[in-house]
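One structure, as structure tokens, below. Some questions next.
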Amino acid sequence: MQRQTTVMRAVLNSRLFWLIVAAVAIGLMPIIFTDSYWRTNLIVCAINVMLAIGLDFILGYAGQLNLGQSAFYGIGAYVSTLLIMKLGVPFWIAFGCGVLLSGIAGMLLSLFAVRLRGHYLAIASLGFAVITYQILVNWISLTQGPLGIYAIPPPPALQLPGLPIIDFKNLANLFYLTAGFAFLAYLLLDQLVRSPIGETLTAIREDEVSAASLGINCQAWKVFAFAVGSSVAGAAGCFYASFVGTLVPDAFFITESFTILAMVIVGGMGTLIGPVWGAILLTVLPELLRGVGDLRLIIYGVAVTLVVLFMPGGMVQAARFIAAYFRSLLPGRGAGA
Amino acid sequence: MTAAAPTVSGGTQSSRDGAVLFRAQGLHKSFGGVRAVRDISLAIPMGSVFAIIGPNGAGKSTLLNLMSGVYQPDAGKMRLDEIDMIGVPAHRRVRYGLARTFQKIRLFKQLSVLDNVVAGFHTHHNIFAWQYVLHGAAFQRDHARCRDEAMGLLAFVGLEKRAQVLAGSLSYGEQRMLEIARALATGPRLLMVDEPAAGLNAAEVDTLLDRIGVLRQRGITVVVVEHNMDLVMKVADRILVMDYGQYLFEGSPVEVQANPAVIAAYLGADFQ
Amino acid sequence: MLSVLLQQGINGIVVGSLYVLVALGLTLIYGVLVQINFAHADIVTLGAFAAYFFTFVLGGNYLASIAVALVVGAALGWLMNALIFAPLRNRGNELLPLIATIGVSIMLQNTMLAWFGPIPFAFDTPYSNDVIRVAGMFFTIQSVLIIVVSTATIGLLYAFMKFTFLGKALRAVSQDRETAGLMGINPNQLIMLTFVIASALAGMGGAMLGPVLVLTPFAGTSVIVKAFAIVIIGGFGNVEGTIIAGLLVGLIESYTTQFLDPGLIDIVVFALLLLTLALRPTGLIAEKREENV
């Protein structure tokens, strides 16, 4: 009995176990949800997960309030789409360029803002998002402005040796592609935050003067955090464009930044798994409440405010409370634990 | 001491005993018209405990901030072991062997005590860049080494039993000792401690003095900024006395105690 | 040509003086708390709607509606501090209050959207169509009113800060928080007072902006985004800098509309903002504040 529980505990604490659970869950989703409405929502979930963990790397770990995530998202979407539609560049090369350019935009913004602390950065990044949005609206010869770009093709079918052709016009396959990328992005960020880079970024978040006294080049590491976080948002943008098939600037208005922020805060900033849950919850919940009118953004606003006031650790903190409560109920582990 | 041998490795004992490790000449720093540091020069012998004392507001902390690179001086020269320090940012100076603590404690309060010290190993991870993403055997070795060395440093300051609690939950005295452990993790040649005894009780002060003595034996040069003269007399080899941002006197503890100008400054300050 | 330049210049100053009212609130709050109230935008919008409903639904006088908006703004400021900023003080994370106010802002905007709908309200005051003609230029009485009221308000605020004990205390707190305690002032009350004043300015700014802007639930956002740019260009916590920068942004807006394209206003303003940040991170008119290490 005792032995059994310790084995169980070890399994539950192992990261590999949870990664396998997540992979299996991703695999099962399109099998459980067969209608195109929910499959569409699943893809939106995967895209939002990427946006949220990208922001969390910048905000939750490096402590930089980035309100420009919508701009990086938009840059990824527009760069890849324009390359595909105007120059006929193959999808995956356009994808790479979109990711790269969003990352470079993130680096440039943080280089601009690198000497600024806390609130100045928030406003500078907001300004960046406003400018990017206005450029998308006003540069009509390139982006077709508010009219938008239509008939963007889905990613080309994948022909792997020995396998049947994987066609991404099929929503289930498209979900596997985006969710697979979200999974990879999560793994990448998780590895980074579990390495000494995680400690370095948290040190900067907690106290920059102190971090510098330990030899940490705060400016360089902030640029790094921005580059990584904005590249992930750029990748999300590429998938968004090829999934929706239309691009209008309004999809990348600053409200989108606030939406992504809400996902990070509600899930729990400073952990990677929190924003994943936050993104899923805030994507699915409004769909479940559709009968009540368009309450989506009101829910986001209320959720962010209440979470910051009463549970700044978000869903992760709530889960820990609940786990601690149940643990205290387990026999024989009450007082000693 | 009985504590497990901590890996205070940075102090490469110099062959040139009595050589100068840190030298400053004619440092000036003003803030909006207030001249916080005026024409300060000093030479810190390698392997010594060098104290900077003076009444409150004498410019001691500003001088330390100039030495550690938090501020850049308006004028003057600074050298660490013949390396020019002017214009070198704070984080670069750490790589040359300068470390410091803060008068107003600046720990990472939301991190555990152990993680605070581990963050101090920032400049000492010797793994390839790709290992940050794909954690191989070298990564695991580095990880284990940092944890072990951090525990050693915590033992050195008597905090090994508190390794897992949040730094913010430590007592005031413990937080001061943790700042020292964290600074030592950078492997300094020159450790600068800013008002280390402020807020400590008598027993904690004794431990502190003892630890400073041990560091000196291990070849680490220590700069102590203090306004408490009695404490400084017990550990310092040389003392620089400042008043109103200016040089007042420099000498051995005995000379300082006998100097009429110093006594006047201190009496004046104490009875105001 | 010269009269066009002058005409647009005066239009710019009219709008700019309203931006100053809104931006001054942000700067005052930043001065005492080193925090930003993102929902300041929605106080502007709610002030505008309060004035609108007072004038058109209750049939009140437009001048009185400015006072109503001022009171509504003050009340909202009091609530913002009591419900959001005060509970989050001393939480050790300087970003939390800002994030919470983003939440409040999203909530308020979308609640207004659900209530008032997205269609702009036609907010014509009795003075919007009365035109006077001076030296070949046209002004509405409304713009004269805006200039008079905002100049008087800014002047009063300036006198309050310079000459009254409370005003001096406010400046003392923004310079150094510990000094205020020594002056025998309860910092919490001072912060509350700041929020009330700042938000009252935003509310009355809204009442006068309502007729100028397209009045929708999102009207405040376009103003606040420029107000952010203004406080950064002028230097956070710097009253004189904010006034100059506010008028500057008003002029830029007016001339951009005339000579370039109204769609480019945000781009020009924020390009100036980013340029300011790149060259002088503490604002064109620098604030001098050394960090206490």
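As written, the chain order gives the labels A, B and C, with residue 1 at the start of each chain.
In this text, a contact is a pair of C-beta atoms (placed from the backbone, for glycine too) under 8 Å apart; a residue touches a chain by one contact, two chains touch by 3 or more.
Quantities reported herein were computed from a predicted structural model and do not represent experimental measurements.
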By count of C-beta pairs in contact, the leading pair of chains: A-C
Chain nearest the overall Cα centroid: A
From chain B, the most remote chain by mean C-alpha position: C
Centroid distance [mean C-alpha coordinates] between chain C and chain B, Å: 46
Chain A-chain B separation of Cα centroids, rounded to whole Å: 41
Computed distance of Cα centres, chain C from chain A, in Å: 33
Multi-chain contact residues (two or more partners), chain B: 70, 102, 109-110
Chain A, residues touching no fewer than two other chains: 209
Where chain C touches two or more other chains, by residue: 293
List of chain C residues in touch with chain A within their complex: 30, 34-36, 84, 87-88, 91, 93-100, 102-111, 114, 225, 228-229, 232, 236, 261, 263-264, 266-267, 270-271, 273-274, 277-278, 281, 291, 293
Chain A-facing residues of chain B, complex: 68-70, 89-92, 94-95, 99-100, 102, 106-111, 115, 118-123, 125, 131-135, 139, 142, 146, 182-183, 185-186
Complex contact set, residues of chain A against chain B: 188, 191-192, 194-197, 199-200, 202-203, 206-207, 209-218
Contact footprint of chain C on chain A as seen in their complex: 59, 63, 65, 112-113, 115-116, 118-120, 122-124, 126-128, 130-131, 134-135, 137-138, 209, 255, 258, 261-262, 265, 293-295, 297-298, 300-309, 312
